[in-house]
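Naming follows writing order (A, B, C, D, E and F), and every chain is counted from residue 1.
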């Protein structure tokens, strides 16, 4: 690597990295109920310099296997799409995985930043990544963010023209995983749909009042599915994090450019959706076959 | 059919059928937030006799295709496991599917009974049916119902001894459908588990504080799954209604005996889980392949 | 019947009648807590035509005697000023009169429409009918409806000039029934009043902060009456529905014109206020004498 | 005055009178939401003796005419069945009648005591007085008071055997005023009733779940009346305070005995129900005729 | 006194005095949770003239010693900075000191007016009096009152330039009492401060988000003090009422001018802060020494 | 140091220390709203041994100066009477002192334990230490803890016999600091008191309904003080933490015995009450004189 050869050790101040992240997707536009931005900042002795960052790990969920990976990779900053602190903490012990993760960050001087709904809303963010599965005639947010530039906001509404079966195939390619479908009453794989509502993650409440032929989201409850089916809306589910995770590979080179190559940026190899769907096999004794990638 | 041959026309009064249903699983033990029992009783002109029942349709969800089937089969009573009226109604028009279903019942003189959590709790009910997938050393409710006989209550906790992979195969056979698995941190298909928590439907809140190696339920959100994984509990998901529907085939002959053969009892052919999981196929142009039965 | 003879079969689509009713008094202006508009729409088989209306029954309250009358008169639409569904329904059985009424409508293919506070607010509606008892110098709503034309809104405030005793006589003629009076401290039958607050039905909360010499409403509690008396406001009570019912006779011909004579319109003969005031007679053994019309 | 002549100056300490009132009907048994007991105690200069009572005025409502009467009669204590302070006071000015009444008591050294629901519940109290209109086979509270002797509690349930018409006549005699009736669906004046629910004042919420052929109370709203009518319960309304006031005449001699004749006890001459029902007269120009006593 | 000599008896109507008080500091600008203005108005017999005022007593708190002083001084109006009625009253007996004070006012025909937060906010009011301890470069409200002239509003923010120790000395002189100090981490008596937040009374919630080197208020809880100390803000506490009381001496001559000398105006001699701080003496047997004036 | 000489390295596992602390004062008896027990447990790498403790720092408040002292003293455990985490945390950055303290503990492998109200309630705890200022005839909790041994519970009520002035002197000696007094109306330094209510810290709500001649607590608001004064209760205030801190010196040797001398135990030298009362000096230019110890 050139930088090693030239002996130039490059790195960034934590505040510089955060400035770039905020320039891409201002956390001020995140949902009111959300917990975003710099969640953990390493301890700084009186008079000490600001925390510096050389290695950054990107992950969708900061599980303990991912935390271990971050320590092994000597990351000084983790960017976790989902905020690892959501329910506020009254204690930080070794009894609960989220408290263990917090203590691991602080004991290993690793900063933690979470963008969550700020990335959902921003142009070029998570929902726009998910929408790329479609040949789009038009796209706009389901709810335009007040005070933000046009195009920023919650969810996306896309005009298109595609048979459902073909869209399912494309979605499986896009998320590199299997898809669950709930056909609307009267729909089949050959039904051509024209409007698609999109919400990465858990989209039922946002999509509730959207008029669309089809919606793509991560997860939805049984009774919500029945409601959409009877309103004439087919639902495609990717599993929660499979509707989000693919964005990280797209963001990695973007962030590299933002930081002018000053940091090494990894996408976690341990981060994956908790669920694997197993095909029902004919012979009961056989091992079940996973229908999706399990890294 | 013997009854036709002998010319004996047999039927039951609605109140007689309800009495038997309540004897099997008293709705007084249903959850406080639930809406159970006789939900629709056909209009009775002043001085008219009580509604009589000859044909009964059993269903997990009273969707519009199932409602149509009930009319075609000339059912006088629908027993729908899930209550079709849950959010209280302020209007009954043709604009919302639940209002259409209610008006269809009343216009066609069809009574509607929903047992829901009363069937979950009762000995020999929905959770006990789901537990049959296991070779059990012991079984007891997660929460024994106060005032009811021992064994009645919410969820089930089972002692057993089985590798996870083998259990998944058995579960696929039992529910006749595919299964989704979230392995606990450290678990694999060959891990032998000893305690299993069971809750048909949506079990996260009930199972939250249960110490078990594995839990079987219908559906669970992403963040709940991560919590179970980090507590050492593998989760098997069947899809919400696939964790419940199989009980109906077991209940059909039981009800026939309870009613002394006085009614014809059908299990709906149109009732099915809204979701189908599609295998990711290699060739993008091909139609996706469903990994589960779609009736 | 003449129409039969001439072979002209006249009737309206339900949506046409509703369109006219909404043109007269848009339900969008009803109170937020109210439950108005089309409350019951008869069941329509898949592919069936829209419900048609030939006979309309107008009533203040949809009691069971009125419901029976509607069936006997073969009404296809009931317009009930008070909404028969107010507390939302979780069941529709034969155990509660409101559930019986709902089931009767649906079993007999009778639509149900309720205007309630939309009719109270509209110019030419219920409060304007009640105000006709006065020789008015001016009239305006107590609360002008935002977004509606001037004159529409809750309650009425009237400038006039009349002794209380004379007004009572006129009110008895107007509502064709007896009146209850609570004289303000210092008022007598010969006190001349200049400002009158009007609110059909139960007007205490709306009238609470109104400065008026006298108010006319349907009913009011004891402690509310004492408050008005001590503020210098005499209260005339008509009984709740007697302050509203007279409007129906005025509305009947109006509706006929709106619908271009396409429907037969009846005012219920069974609808009446639940209360009858009985005169105290001198001889204890005698039957008490009703002081108001009891049909 | 005889007492002056004999030189015997008789009077009671305020605390002595209150002790007797509490012995008759302990205010500890009043409803939690109620405001009962000694509400106003005259100012006592440092070191001054306790307030003494020679003249007591009994009233149902402490209106301003009654307050004036109390001052004229030189009462040192007013016993007002309804508490004149109910909504707590943040100011005591001359702008609101209740504040004027409070200031009048304090400026004129008049104590104020209110028993309200304590008198409703006690054996021999307001509800028992109202029940005397019936020939009783049995009587018991609707809700027995926990911790009190049997027979004390809210409302009364009476077994009897009387045609409604005859009962109405007796009630008119008992309250010395007119009565309003709402016949149950199917009831007429000659229907014989066997169970009667009683609640002086405003009894709808207490009587809501009572199974009775007929109920007697003071006032009830239109929609509550319709509910009772459709449940087979005829309702007799006396007007709120006419269902209570008659008890004062019965209590006057009782209190005299309790206080051993030490005080003069007056029943207010100005206290009366705010409402008067006026008969509809044939000739419009005539003065309306009151159907009830107006003192 | 000149007025006596000339035989001119001067006095004011209560409404005139209130009009002047409201002109100085409109109570419409008081906090929403506050209870201000004319709280007690003496009883006025039917037809009587308005209450007149000759002697006015100013006090910070209307304690019982101050109440006694008011009666002895024959005041017809008490102006109590803190409202003696705050928690609304359900009774007015001799059992609680606030009820005794209310009854004393009404029995002795003394009106009561409280300005409280209206005086805090007004230009020239309580906070401006407290700010006089500082040599000010600039002063403005912490929160400018909407709808009021610039300078009116809650609290004050002052720019200055003074060592903390010197300011403490000045504050002790200004309030004529001892002061409690909580030095910010890093501050000492010689630290020069430039911005000062001021809030008479209990200022923690108002001052919470103010950036200031030092704040002056009356009282503050332990945990609030620790928060300020760690934010770099030194806190000076005067005791609650010592941060307010001095204003009364300044207001006395102002009010005299407003009323054109028509009333005698006294500042209470009995009103004082409840707390006295006692110096720790070396000899245990000695009487402790008060470090502040105790009148 | 002996231990060094003998070469015996003694220390305790964290769980052992906590076991002893819980044996002394079980945190299960702390208030429901409190946040007690092990609040911070240092990060433990997968497979690592449990945290061990050699040096323990006792403090009343974990301020930043005390945190610095803990690091300098190489403490492995801080026992902070007040819980440093009270408002739950959503972030742990370097912007707020409580977050800095939490990060300092985790970065320096220091455990944190807080007993708070568990120590208040226990026999031999903080309130009992405060009560030692009195010559007691009897002592009992204000509220006996349900399920705990007699004597454990909130606050203390003591019977004694002492003039107030003498008690103040003793209290100054006991807390080694100055005292603030609010004399009840009628009390002076020579009044002999017989019942004393005690509540370390902020005791107004607990003491509100206690009948006592005098109460001792840490801090109380102005309006609470006025209420106690008018109820005949003199109040002695120590400043919040001065009513608690002295217990630590008493607890230090106790804990040493509990831990069998296995740990070094320090009482913080930096921990002190935030407030210092300054005597008003006659010469304005002089530095103010602190009336209390400032370590």
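The definition used in the following text is that a contact is a pair of C-beta atoms (placed from the backbone, for glycine too) under 8 Å apart; a residue touches a chain by one contact, two chains touch by 3 or more.
None of the values given here were measured: they were computed from a predicted structure.
J.: Spelling it out: a chain qualifies if it touches chain C and also touches chain D; which chains qualify?
T.: none
J.: Counting one step for each move to a touching chain, how far apart are chain D and chain F?
T.: 2
J.: Roughly how far is chain A from chain F, going centre to centre by Cα mean, in whole Å?
T.: Each chain's C-alpha centroid was found; their separation is 47 Å.
J.: What is the distance, in whole Å, between the centres of chain A and chain C, each centre taken as the mean of its C-alpha atoms?
T.: The mean C-alpha positions of chain A and chain C differ by 57 Å.
J.: With centres defined as the mean C-alpha position, give me the chain A-chain B separation in Å.
T.: That pair's centroid distance is 34 Å.
J.: Determine the centre-to-centre distance between chain B and chain E, using the mean Cα coordinates as centres, and give it in whole Å.
T.: 69
J.: For chain E, jot down the residues that touch at least 2 other chains.
T.: none
J.: Looking at which chains touch, is this a line, ring, star, complete or other?
T.: Ring.
J.: Mind listing the chain F positions that touch chain E in their complex?
T.: That would be residues 61, 63-65, 82, 86, 97, 165, 168-170, 172-173, 176-183, 185, 189, 201-202, 218-219, 221-223, 225-227, 229-231, 235, 237, 239-241, 273-281, 284-288, 291-292 of chain F.
J.: For chain A, which residues count as touching chain F in their complex?
T.: My answer: residues 35, 37-44, 46, 68, 85, 88-95, 100, 102-104, 106-109.
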